[in-house]
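Chains here go by letter, A, B, C, D, E and F, matching the order in which they are written, and residues are numbered from 1 within each.
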Amino acid sequence: MSENSESNSPAISVVGIPFDDNSSFMFGTAQAPNAIREALNSHSSNLTAENEIDIGELNRWSDLGDLNIDDAYTAFKEIQSHTAKILAQQSKIITLGGDHSITFPVVKAHAEVYSDLNILHIDAHPDLYDSLDGNRHSHASPFARIMEKDLAKRLVQVGIRTINAHQREQADKYGVEVNEMKNGIPAKLKFDGPVYLSVDMDCLDPAFAPGVAHYEPGGMTIREVINIIHQFKGHLIGADIVEYNPTRDINGITAMASAKFLKEIIARMLAEL
Amino acid sequence: MSENSESNSPAISVVGIPFDDNSSFMFGTAQAPNAIREALNSHSSNLTAENEIDIGELNRWSDLGDLNIDDAYTAFKEIQSHTAKILAQQSKIITLGGDHSITFPVVKAHAEVYSDLNILHIDAHPDLYDSLDGNRHSHASPFARIMEKDLAKRLVQVGIRTINAHQREQADKYGVEVNEMKNGIPAKLKFDGPVYLSVDMDCLDPAFAPGVAHYEPGGMTIREVINIIHQFKGHLIGADIVEYNPTRDINGITAMASAKFLKEIIARMLAEL
Amino acid sequence: MSENSESNSPAISVVGIPFDDNSSFMFGTAQAPNAIREALNSHSSNLTAENEIDIGELNRWSDLGDLNIDDAYTAFKEIQSHTAKILAQQSKIITLGGDHSITFPVVKAHAEVYSDLNILHIDAHPDLYDSLDGNRHSHASPFARIMEKDLAKRLVQVGIRTINAHQREQADKYGVEVNEMKNGIPAKLKFDGPVYLSVDMDCLDPAFAPGVAHYEPGGMTIREVINIIHQFKGHLIGADIVEYNPTRDINGITAMASAKFLKEIIARMLAEL
Amino acid sequence: MSENSESNSPAISVVGIPFDDNSSFMFGTAQAPNAIREALNSHSSNLTAENEIDIGELNRWSDLGDLNIDDAYTAFKEIQSHTAKILAQQSKIITLGGDHSITFPVVKAHAEVYSDLNILHIDAHPDLYDSLDGNRHSHASPFARIMEKDLAKRLVQVGIRTINAHQREQADKYGVEVNEMKNGIPAKLKFDGPVYLSVDMDCLDPAFAPGVAHYEPGGMTIREVINIIHQFKGHLIGADIVEYNPTRDINGITAMASAKFLKEIIARMLAEL
Amino acid sequence: MSENSESNSPAISVVGIPFDDNSSFMFGTAQAPNAIREALNSHSSNLTAENEIDIGELNRWSDLGDLNIDDAYTAFKEIQSHTAKILAQQSKIITLGGDHSITFPVVKAHAEVYSDLNILHIDAHPDLYDSLDGNRHSHASPFARIMEKDLAKRLVQVGIRTINAHQREQADKYGVEVNEMKNGIPAKLKFDGPVYLSVDMDCLDPAFAPGVAHYEPGGMTIREVINIIHQFKGHLIGADIVEYNPTRDINGITAMASAKFLKEIIARMLAEL
Amino acid sequence: MSENSESNSPAISVVGIPFDDNSSFMFGTAQAPNAIREALNSHSSNLTAENEIDIGELNRWSDLGDLNIDDAYTAFKEIQSHTAKILAQQSKIITLGGDHSITFPVVKAHAEVYSDLNILHIDAHPDLYDSLDGNRHSHASPFARIMEKDLAKRLVQVGIRTINAHQREQADKYGVEVNEMKNGIPAKLKFDGPVYLSVDMDCLDPAFAPGVAHYEPGGMTIREVINIIHQFKGHLIGADIVEYNPTRDINGITAMASAKFLKEIIARMLAEL
């Protein structure tokens, strides 16, 4: 665990959640957090983000290492309480999955702090299944859980290209704003109040991210995702990067993409402090 | 062979044509039809197309399995007569290649039914060689054959980036409407009457489709192809997806792209029934 | 479905079982049967096995295509009854998985015909878990089920390199003959009576088979597996090839390995008819 | 060394510079020149560029083979004098790297001929480090050397996405026109007088160019680069293609991209003769 | 950093040394330690070694996480003193590289504790260069440093296939026992007293380990390396696994091989306690 | 073209033959010669062979570059006459293919010089087809041509695993000594008089050589091939390395294997001068 911050309560905390028990097609995302860290720190690049902030210099964030999850049955509680603890220290948090199921407990902890939470969700999938294969905590279900518990004021999805009838119903029921790929990337995304950003690496076209379980062709480019990270209006108060799967990666190409998103997210958060 | 239809004459028939004898650089596309089927049915995704039709539910199409080709010398006759037979049963047909040479006999059968056929051809190559390496049925020649036999009213090509002097002459001679990549993807494609769609997987940039024989950099994105499938004006009455080569694919990435195109094509056809 | 046999009851039947619901780490083996068929028939090789039998010529075997599994809950019953039906027609059967869980119902059907069945099991794993993640039909458990139901006289395992304390207990309890890789490949394998052969593609070192879910370094070479197929003493009466996962394969390398094993198994069976 | 020209002084000379001693993360680009040649001449494509010029027919260019570099310490002198010699013969020159450090001596030779040189530099990195790891001739430093020696009137960079504070200072100091990816690709690029074009293959998103040392996600598409080659206003008088690394390439995908750029650059130069 | 031990001074300590500054061809091995940890703990396998010890259960070893190296110039001192500190706590140490240069300071610390140290070195290269490219601490030189300082009683090398005249001289000078691949793997390796084991992943044939910088065909199989780990006579008191490079790995295949070696080394050490 | 020799008539000449017109499944081997040269000279390794000869120092061999083949119809004549010319200068020759068809004209030229030629042929395939797909000069036919013209006293094949009835007949007819993989690698290979060595890269198991067109699982290891190069008894007077296909290679792994064989062959020849 490398400490990038001098104080005990950094303004931004990065936490790995190596948990993939709720995956439905392939496991392996539990190996992501460390692979993303390594890519971020690779000698092949530098730590200056595109907004000119050098996150290697600006010591107001800290990588707290991985959350140890003792028991899959209590995982969500552990994730939620750990997140809550960090938030209680006035630190923002960026989690590195793991599969997308972790977003539910992480958002739950945020919702207790932010009453008017917006969620910006970039993904190939709406992840609104009431349950998948009988699992209501499936990585295809976090936003069903979030919305049914009314944890977010708005849920805006970008990159979607697999929405089926059930999930369309769910989206309608919960008022989810689904931006489908067939209609392009929205030119402007604007939020009032705090925004939580959830980036599923399979939002990308598989060409850009071979290291994911679910290949959904017709996806976003890396630049399109970066543009959103840079440009959406609102106050970014938390984020996750999920579903990177190192066991299916080629020459670390998807690790580098994940690390790039992490760098840009940290830098935007630092700029907004 | 999985039956997705209850009736004997489905509205849409999918047929595999595992034939690659007319390839000029690499064989292996004969392995494509089954690989595409498997990808289409992979647990990693669902069967709902972007126009909201769930092709897993709507049983008006059927996968008839592969055409058995007994003899390469009579292959074209077999392909043509098999296609004709299906068309005679009032079913539309989508063929899965195989190399691009199969498009000639397939279109020939369509031309006997549709007197005013339009062809929308998405490819890196114009495939207008009068002959290649002495083979007039080469996979680089189907549209020369089609046009010299006057089988199509219009031939509109998109994605082209390898047209040479000979093929430019051919295009002029036959009045082919060539949209070159250097000029971008045409914003609107409009046809009067029936449209046959031929998708060569090498229309894509090799980044999106490593599993093809002919890498032609500077190609289309998967989204650009999907947009065309969704948006061209006209009545889609037949289609093929050709040149996917599983022997050069990485983690099935090109199989998934082919399956996505198939899903969107079926769904558009179903929507137009 | 390509018919290689003239009669209705071929001496040997090949059946695909595209079922991977009992996988524990990655899905995707359901895509294997067709990929293996395509590789077997690739123009890049021929159909003559190393015992000089040309399985393309000798029409006493038939590929019956895939078993359609309607319902995961009844899958094992369907697999078993389908196998039984084929056996009842005096045909031997080779199944193409799918994950390793299918071996249990397939062997069950064999055990009803062969009272003194031997099983030769080539694998990285003993697959003797009483249950894995609460699933007693896990792909890590088929041989626990087979042995507790006393379906085999002998179970001889080769290639094993992951046996843990629980599985060692199971092996002791059921008298399994475990040949661990650390002791080398047994020079001679001899059985009295009928032998059922189960080949898990992860028996191979990952270098030879990148297209599997579970990489277990220190495995067998392809030649070592072929030698066993050729040389074990006993009467080969049934076989399966399981756990090939096309979604993780590079340039079809593991498809070709699977197809090679299939060719050699068919040819040995044909030689023993 | 294949001669494509009949005269002793072709209008355009292609020269390989297999030199990678100034790389900072991975070596291997020394293997690029021949790999690019082979890809250019692959049977899988043809030699007609998108401006309709068939560079296989138009014999006013010649591949002079590789420059032999006897001694790394004198490499820059050798590169510069070799370039100067070719320029003295009234031939334009396109060099194939090698790492990006070679651009400094190549441009130096050009600057002696062209007093008002413009440089169009397409890259992920500004390569303006005063020194990297103590090496002032690092592949991250050529444009610092070029600008401090006042060899170019204008230096216009496109594709940049890794500029840090030091390099921003350098850019300011030397008046470099940096077009960052976050602001998109400039629609128009216009130069008065001669333009030297330097293409670093890592300008591309890693999806399009896995065969480079430095993966910088969020990069250009191949089409965007081709469009620039086609469309910038000015007189193209020299070029290099650098940083392709065959030791990290998959199925030759990056070799083909490099060869495509070479074909389009030659063809534009031929059109401007 | 996951603690696998209850006490403060575990019998065996695993330490990552993410340091690759002395690499001569490619960087990236600094990313190895975490990638190996992740592979070791992957759900796709278990933690029982082939000697029946379950290293997940036997809590006498601990992963102490990575050594932070503040300054490349003092790196060797830091590595040595950190190693010495751990040894002083009566713990054995296994280090995960990083490049092979780290072996020198690690062995130096061991030599202060063990006066009669034997080294078993498994590698494609003898790593006996007096200096490489002017660097006496190059990853091609650790054993020159070790032997000139007389830190080992015996140095026995296995897997060697690149020894040149200079290194042969060095081997003669220092009495290194070089077992070249051309003569096969020695059947018996026997040492009196303590043995330090250094495993360079490029000892393997590149087929088994695509994730290394230096491909040296004609190498060892994974099984041959495991057999040596299991079978050499002597008391294993320390070890390193170096030169794994995740930036060149395919689907994590080399990560799994490294993790396998780590598991077997820990288990042998635990068995010898 | 790099000159490694000072004299005009080196003792050994290396010549590339970038010709793949007689391939039956995939083209691309024409790209091999340069890729092999680059790998041989890669900074990642050195030029000392396992017999202690440093081919970078011993200047009695020379790389003459590639043979330019003007016309496919006269290719064989060109190859033969070029080979004859080199042999007439008292130089031995090693050719780098290209596909295996080139071996026929190369051997023809040798047979005119050596009346009692032995051929040692390492390959997955016997390449004894009288014709393939109607092509008597197919890459599957060179040894049929060689033997029917009585150009060799003995033809000894190693590595064979695809011999079918036709080729078995051919082998019998011509007295070819076929060593099939199923019987292992012959421990001793002994020849009286001159030996020509032909190495087809697909002799290797595909794990070791992904960069070939024809994957034949169950093949040789790289070490087994090297051992033969080192150990066969006889006088090595000429050789070829064929069928490497860079368009299907991963990270240059097969290029390195080809270069290793080249290095060992040159070194043996130099040792025998």
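We take it that contacts are C-beta pairs under 8 Å (C-beta built on N, C-alpha and C of every residue); 3 or more make two chains touch, one makes a residue touch a chain.
Fair warning: this is a prediction, and the values are worked out from it, not measured in the lab.
Participant: What is the set of chains touching both chain A and chain D?
Facilitator: B, E
Participant: Work out which chains are contact partners of both chain C and chain D.
Facilitator: A, B, E, F
Participant: Count the touching C-beta pairs: is B-D or A-C ahead?
Facilitator: Comparing B-D with A-C, the pair joined by more C-beta contacts is B-D.
Participant: For A-D, find its twin among D-F, B-D or A-E: the pair where over half of the contact pairs carry the same residue numbers.
Facilitator: The same interface as A-D is formed by B-D.
Participant: Of all chains present, which has the mean Cα position farthest from that of chain F?
Facilitator: Here the answer is chain A, farthest from chain F.
Participant: For chain C versus chain E, what separation do you get between their C-alpha means, in angstrom?
Facilitator: One centre to the other, that is 38 Å.
Participant: Report, in whole Å, the distance between the mean C-alpha point of chain B and the mean C-alpha point of chain E.
Facilitator: That pair's centroid distance is 54 Å.
Participant: Starting from the mean Cα coordinates of chain B and chain F, work out the distance between those two points in Å.
Facilitator: A distance of 41 Å separates the two centres.
Participant: Note the residues in chain D that touch 2 or more other chains, in rising order.
Facilitator: 24-28, 43-44, 205, 207-208, 213, 221, 247-248, 250-252
Participant: Let me know each pair of chains that touch one another.
Facilitator: All chain pairs meeting the touch criterion are A-B, A-C, A-D, A-E, B-C, B-D, B-F, C-E, C-F, D-E, D-F, E-F.
Participant: List the residues on chain D that touch chain F in their complex, please.
Facilitator: Per the stated touch rule, the residues are 1-2, 18, 20, 27-28, 30-31, 34-35, 37-39, 41-44, 65-66, 68, 246-252, 255.
Participant: Chain A touches which residues of chain C in the complex?
Facilitator: 24-28, 213, 247-248
Participant: Considering the complex alone, what residue numbers of chain D touch chain A?
Facilitator: Answer in residue numbers: 24-26, 161-165, 168, 180-182, 205-208, 210, 213-219, 221, 248, 250.
Participant: Residue numbers of chain C touching chain F in their complex, please.
Facilitator: 43-46, 48, 50, 52, 54, 205, 207-208, 221-223, 226-227, 230, 250-253, 256-257, 260
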